[in-house]
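Pasting the structures here.
Note that subunit A is present in both complexes that follow, paired respectively with subunit B and with subunit C.
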Partner chain A sequence: MTSIPLRAIAYTLIKELMLTFLLLLGVSFIIFAILYAAPGDQFNILLEGQLPTEAARAGIRDAMGVAQSWYGQYFSWLLGVLSGNFGTSVRTGLPVAGELINVSLNTLYLTLGSMVVTLLFAIPVALYSCVRGHVVAVGWSLTMLGYIISALPVFWLGYIAIYISIHVFGIFPLVSMGNPSQSNAWLSTLVPILVLGLGSGTLSEVIRSLREELSRVMAEDYVRTARAKGASVWRHAFKEGMLIPVTEIIAAKIPFILGGAVIVEQIFNWPGMGRMAWQAAQDRDFSVIMGITLVAATFVRLGSLLQRIICTAVNPHQANE
Partner chain B sequence: MKKYTQTSGEIGDFSQLPIWQKYAWVDLLYVSYGLLIVALVLVSYMFGMLHWLPYDPQQINMDMLMAPPFSQGYWLGTDFMGRDIQSRLIMGIQAYFLPGLLAVSISLLAGVMLGILSGYLGGKIETVITYITNLIDSFPRLVLILLVVAAFKPDIYYIMMVMGITGIPAVATAIANKIRFLAQKNFIEAAIALGLRTRAIILKHILWYNCRALLIIQATLGMGEAILLETSLSYLGFGVQEPVASWGNMVQSGANYFLQGNFWPSTAPALAILFTILGFNLLGDGLNNILEDRRGR
Partner chain C sequence: MAVLATQPLLKIENLRTYFYARSKHSFIRAVDGVSLEVGHSETVGVVGESGSGKSIAAMSVMGLISNGPGVIGGSIRFTGRRVQRDLLEGLDKFVNVKERHGRVMVVNKDEAGWQKASERQMKNLRGKEIAMIFQNPRASLNPYITVGEQLTEAVQLHTLYKTRKEASDRALYWLEQVKIDSPRLRFNSYPADLSGGMCQRAMIAMALSSEPALLIADEPTTGLDATIQSKIVNLLEELKSETGISTLLISHDISVISRLADRVAVMYGGAVVEYGQSKLVLGEDASIKHPYTAALLASVPSEQQIRDKASLQTIEGDVLDTINVPAGCRFYARCNQITPEINEKCASHHPELREISPGHQVRCWRFSN
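For the complex of A and B:
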């Protein structure tokens, strides 16, 4: 158990990296295809009403060196993205890439924080209802609480949180980040994190899957043996019953949490990817929305890559199947 | 530890038991609450379609602005323009009901097809289908929908088609896993040996006899997600627009008055969302416990 199975990890790593690369290639193609099929493009949006004839617009196109064929456009965009050029925002006129890094870091802070909140709530509940499951009333009310919190629309929960934090705690949580004029600015960033962690709709599913996996592992023979000989049950059940299910469910829920972040950022005026995507959808700002979707999909794939690696490290035999 | 006591009859008499002894009371409670909610949504949808409402949902009453619930004539109060909240809640069902059904049916149809192909044929086809489902799963649903909104400015039916597509992987994976599980059992082998046509085996023996429950469960969960998505989108301003009512834009327009202490106009639709989604989720989970692994482990 002490030696780390490097070979198996390396093998899985290479396989998963290739898969991730292929998937991201597919993602980029889908993004491009959707916007290629869209009526009108960046030029139409920019030049709408300014140039009357189709020929004049085509002239501008040629002058700016835009490829005519779809594959030409796709590859020039893809090469640009790979070299860090995500294009220019129609709204601000600035390159997308720089701002994209800022907003994605903000969103990463929000989503990672909210995952911690979810786990801080879900793990004790799952443990408690697994170990003390026979106290039906307790387990049931905890499960019910998880269901109700998950079904609460996060946009309403956000307003409740704002109201409570203003009137009870005296915090005004609607500040943009990077503007820490308040002395307790970090405190106000906690409110959206809490709201997303509890209200994004993942809580009940996380609790349920953790509890199921943990009960399954607790019923295994080796745990019974450990218990019989007086060894620590927790040490034997931890990897299979806690570590793997936690990473699995978190990796599976990243897309969901990123989706929830769109709404939470909207409520709390949080300068992240979600709010930028919202703005871009309003303005039909293609470069921005393309970049954001690509970055979000990259987050999802990296999360699942990390999960596969942890799984392999814990149980190298299973991963080779 | 669960205790099992034989309540009556020979072993194997399980199916003879009355329904309330056969299943856990919690699951029965979940399912009955879920069915109640589904019935309520259906009836309200019919009422909304026939315009059998207490008031016109867009009729403004300046004398009754933001009336609390149980006010004179307005059972659920009025919003900031004096419009009847009850009528608007009923009309709000129109915003998600048919689009949600569209999304669910797309996920189910395409998911079943991909699931069968992947589970029954295996091999290279399975690899390709796994790639496709992973590809769809790579997009956060709301971000993908914002991309489509930016590209096409579509109406809610097209958005729900995208929603249906993003729901395909869950169904396809569930079906494929189920088929792989069934393939270990003898009856499929027996059916093949008896010379049954592949179509009959798949449609009758796999889908109808063994995947019915799973599909119903996926449909209820999918409907819950569709409601959540529709309300989120109309909250964000991309779905149904004012003055047409949707639960999402009701929360949004009520929220302007929230910090002044007028909770009700945005809380009423939020509670409607809560109880409805809770109903669909509990229905799905309860059915899952009852139909799928009914005899415990």
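For the complex of A and C:
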């Protein structure tokens, strides 16, 4: 095979990482500004049930050493993050960092799993309707099925999936991730993954764009050359017709899937970032929200980083453009 | 070996390749009964205007037609040293053609079955015995793979140089053969780094690397600069004398054809209208030519005409649209040599390809007696 262009990849990597750093800085600032401007603050939760007098608030602030000005708060948070300290949750009093690692791994499992489900459904359908374009009936009905599934709202699909898995299969898919006593615990995690993978509204789009890219590439002159020289058409069409579109889709769909994950995590009681963010938003738990936002932004960036690196590895020209 | 002596390398008989124009509910008769022969170590040029079906005929030989219904009949007999085979043998059972008054009315074709059987028939043949180069060489090379890698793949697929090292050495040898400058550098380049002329040289190297018996060159110089064009033609000329490879050369450029071809077939409206020795078909004497050939030759300006800045001579009318094929001669509407005696025949009957002198065939009523 062609040697992998390491220099071009390293160049892309450095460029992208620098961009990522700037992006995360910007995101954290914007989120902080929104939180600061929003009514209510985290001390309400501590003073719940008590009369929130200004004097009591000020006392708590002083006791916790929170800076008064908004920039003071932001910079003390930023300095903490740069040294690895994401602050403590107001609700639980635990450090945010450890919690974040747990929930983000759970969410990663959910989103990556659902991505795999989407692709496992979409790639064969796209391949089939591209190669066997003349057998319209099968390709068309599979594509229509994709559209219909995509059109179903994910929260509804989630409840239906719970209903069916309890009443038909006798498994209780509400999460048992931290509960190893059940031997087939991982089985019930499949239900939310399937729901998110099929129902997040991206399925039909993925099928359509994969099919169109593949058909376009199969009509390229160089694929005709491959046929004329008796070589494998797939070997030649794979990079442009499959690898690049798939990574592009992964990169583009991560934000949507993370958004869908919030709902699915609520429905299935999945201990992930989405559920935690929801809870933290209720509590105005600033350090948790900031931490989750940063992790989510990092996921999105990693997706596009992956895409850029694969593009560069496949075609070193693009790095120079 | 006796077979080799008597049989031409490639014998196309009555090839028909149709497409279906959905909007017009009718067939495009892109190739309509073409018969051609390419002898051993011979270059046959196919010339004609755009849309005359010459490229489609070449693609049909390679089995590269992917639009329906595609090839619907005929035979393509290949008689190489290693392989003797009819490329369309046994494929007719996938096609059901209904004709009325000699015209195809309905075609039922099992595309999947045809494709599968055709792929089987073309195996060990495509790329190995018959290689093809195309117009627009830059788009014809895979932009994601280095030139050397693409050549090495062809060598590994079709020759006895199976290990990577042997194959890439052989690929480099072929890059040197086509006189690409600094072949070692180009070997590791991507096609985007090469000029159009270099890409065509690489394509030629790739085609020849499997040492095929037949090279199909489909408009190999179209889309290149004029100076590069003549260099590519020079290269093809040299390779022809060095390797003695048989070539089916398709071009609308008469100067390219006249430099390279031993025999010439002139195509018009999906059919061969004249076929014979290059010097007869493209020669001076207009009286022994098909009117279309004569008009085609007249439309190429001579050096004198260029110097005088004389206006170019064109052929009146448009290229025959192969959807509404007339009952009579296909060139009838544009012909300037119809005499009152043959007018009726020209308008109502399609002439046959008739031998007017040994090895020189013309499809015209002028030569009917």
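By definition in this document, the second predicted complex is superposed on the first by the 292 of 321 C-alpha atoms of A that agree within 3 Å, B and C clash if a C-alpha of one lies under 4 Å from a C-alpha of the other, contacts with A are read in each partner's own complex, and residues count from 1 in each chain.
In this text, contacts are C-beta pairs under 8 Å (C-beta built on N, C-alpha and C of every residue); 3 or more make two chains touch, one makes a residue touch a chain.
Note that the structure is a prediction, hence the values are computed from the model and not measured.
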With both complexes superposed on chain A, which partner does A:S209 reach: first (subunit B), second (subunit C), both or neither? neither
I'd like to know which partner A:I289 touches here: subunit B for first, subunit C for second, both or neither. first
Using the superposition on chain A described above, determine whether A:L22 touches subunit B (first), subunit C (second), both, or neither. first
Per-residue contact with subunit A, leading partner among subunit C and subunit B: B
Quick one: is A:E220 in contact with subunit B, with subunit C, with both, or with neither? Answer first, second, both or neither. second
Could you pull out which residues of subunit A sit against subunit B in one structure and against subunit C in the other? 134
Per the touch rule, the subunit A residues reaching subunit C in their complex are 2, 132, 134-135, 220-222, 224-231, 236, 239-240, 314-317
Hey, which residues of subunit B end up touching subunit A in the complex? 1, 26, 131, 134-135, 137-144, 146-153, 224, 228, 231-232, 235-238, 248, 251-252, 255, 258-259, 266-267, 270, 273-275, 277-278, 281-282, 285, 297
How about subunit A: which of its residues touch subunit B in the complex? 19, 22-24, 26-27, 30-31, 34-35, 37-39, 134, 140, 147-148, 150-156, 159, 162-163, 166, 201, 204, 208, 219, 254-256, 258-260, 262-263, 266, 273-274, 277-278, 280-286, 289-290, 292-293, 296-297, 300-301
Residue ranges of subunit C touching subunit A (in the complex, touch as defined): 62, 64, 68, 111-112, 122-128, 131-132, 134, 136, 139-146, 149, 153-154, 157-158, 190, 192, 203, 206-207, 210
